[in-house]
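Chain nomenclature is as follows: A, B, C, D, E and F, assigned in order of appearance, with residue numbering initiated at 1 for each chain independently.
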Amino acid sequence: MFPKKAVQSLIGNKVQIEMKGDNAVLEGVLKSVDDYMNIHLENTVEIVNGERKRVLGSVVLRGNNIIIINPV
Amino acid sequence: MFPKKAVQSLIGNKVQIEMKGDNAVLEGVLKSVDDYMNIHLENTVEIVNGERKRVLGSVVLRGNNIIIINPV
Amino acid sequence: MFPKKAVQSLIGNKVQIEMKGDNAVLEGVLKSVDDYMNIHLENTVEIVNGERKRVLGSVVLRGNNIIIINPV
Amino acid sequence: MFPKKAVQSLIGNKVQIEMKGDNAVLEGVLKSVDDYMNIHLENTVEIVNGERKRVLGSVVLRGNNIIIINPV
Amino acid sequence: MFPKKAVQSLIGNKVQIEMKGDNAVLEGVLKSVDDYMNIHLENTVEIVNGERKRVLGSVVLRGNNIIIINPV
Amino acid sequence: MFPKKAVQSLIGNKVQIEMKGDNAVLEGVLKSVDDYMNIHLENTVEIVNGERKRVLGSVVLRGNNIIIINPV
């Protein structure tokens, strides 16, 4: 399964995403992903050192600044 | 809804944008966005640690340096 | 007005540009901009903490390392 | 052998990958890689200063944030 | 004059280039530049805090990591 | 000679490569390079502050994270 398919297979599921230039990990429900790995998350929370820091709700993440995506 | 559509749906609304290489969060009214997620914001203010730091007015943000976009 | 058009509308005017990986803000007259937001500035000065630090004159900035462009 | 072929030749093998903006090295089994060097790893563990820090399992890594890939 | 033309016009001249992720400024003679602003410099020296630190000779710089190019 | 040709001309030779987000310099024999400047190095060693730190052997480097390539 190609990397993009592996991400698409997670739609509807909770994922954690680490972004470049941001200490927080973002956790939310993967709503959509496009060819550039731009991502739409819902029910997003920011997690710093394992603790929920901020509720962000619906956010869009720029694909090229994603480091790692993993299912929770 | 694809990530880019999710951003386009915010045109005319107030958004917060976190940029790579910049400690501030930018808050402004989303005027336009293109395919690279380059963004034109108006009435932009820089927010550092939750406080308004500088009034920037009309600015253009380079898409590839956007980390996260969320509606306010 | 799309983000690139918003930048093109500033040609001939003084702009401030914040670059990734550079503490300084660059201020100069926008001579030209291309589709990648590569930028040619003239009469450029480096501004650090609100003070002119260095006179750079004519410079070219790589578009993908631009964070924010705003008219002065 | 071109760089991408060199990576493809590692599919099914254990690799270590250093990511930009992340102190950890990721070690896992290379499941797939695409033209952008986006990577799907399984049985992934995070290694910090030579010690296993976290078990991540199945992850997707964004290609443009990969610094170096080497077989273990 | 478009930004790329402005760089091409410097071929054969001494330029200073600031790179992302590198404290040094590189100074050398611009031998060639391509559409991505990848650059071939000769007689290159690394300059840190205004002092020559290392002689590098012939080097290639990746365009996307260039912040600023200016003629000396 | 265009920048990419300048790199191709180094195939089979020892080169030093500085990567973004990595304090080490990588030294190895250039096996191959593609259009994105992705690079395959063999007999690679990591050099930190002028000292060999780690033997890495065969590695692949993502082109967009290369800052500078120079022949040794």
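Worth pointing out:
Quick note on the criterion: a residue touches a chain if its C-beta (ideal position, glycine included) is under 8 Å from a C-beta of that chain, and two chains touch if they have at least 3 such contacts.
Note that the structure is a prediction, hence the values are computed from the model and not measured.
Steps from chain B to chain D, taking the shortest chain of touch contacts, total 2.
Minimum number of contact steps separating chain A from chain F: 2.
Of all chains, the one whose CA centroid is most distant from that of chain D is C. When the CA atoms of chain A are superposed on those of chain D, the rotation angle is 60 degrees to the nearest 5.
Both copies, chain A and chain B, contribute mostly unmatched positions to the interface they share, with under half of the numbers common to the two.
Chain centres were defined as the mean of their Cα atoms; on that basis the chain farthest from chain A turns out to be E. Centre-to-centre, using mean CA coordinates, chain E is 18 Å away from chain F. With centres set at the average Cα position, the gap from chain A to chain C is 32 Å. In chain F, the positions touching at least two other chains are 20-21, 63-65. The touch graph of these protein chains is a ring, one cycle where each chain has exactly two neighbours.
Chain order round the ring, anchored at chain D and oriented towards chain F, is D, F, E, C, B, A. Those residues of chain C lying in contact with chain E across their complex are 19-22, 26, 31-34, 38-40, 44, 56-65. By the touch criterion stated above, chain C contacts chain B in their complex at residues 1-4, 6-7, 18, 20-21, 37, 63-71.
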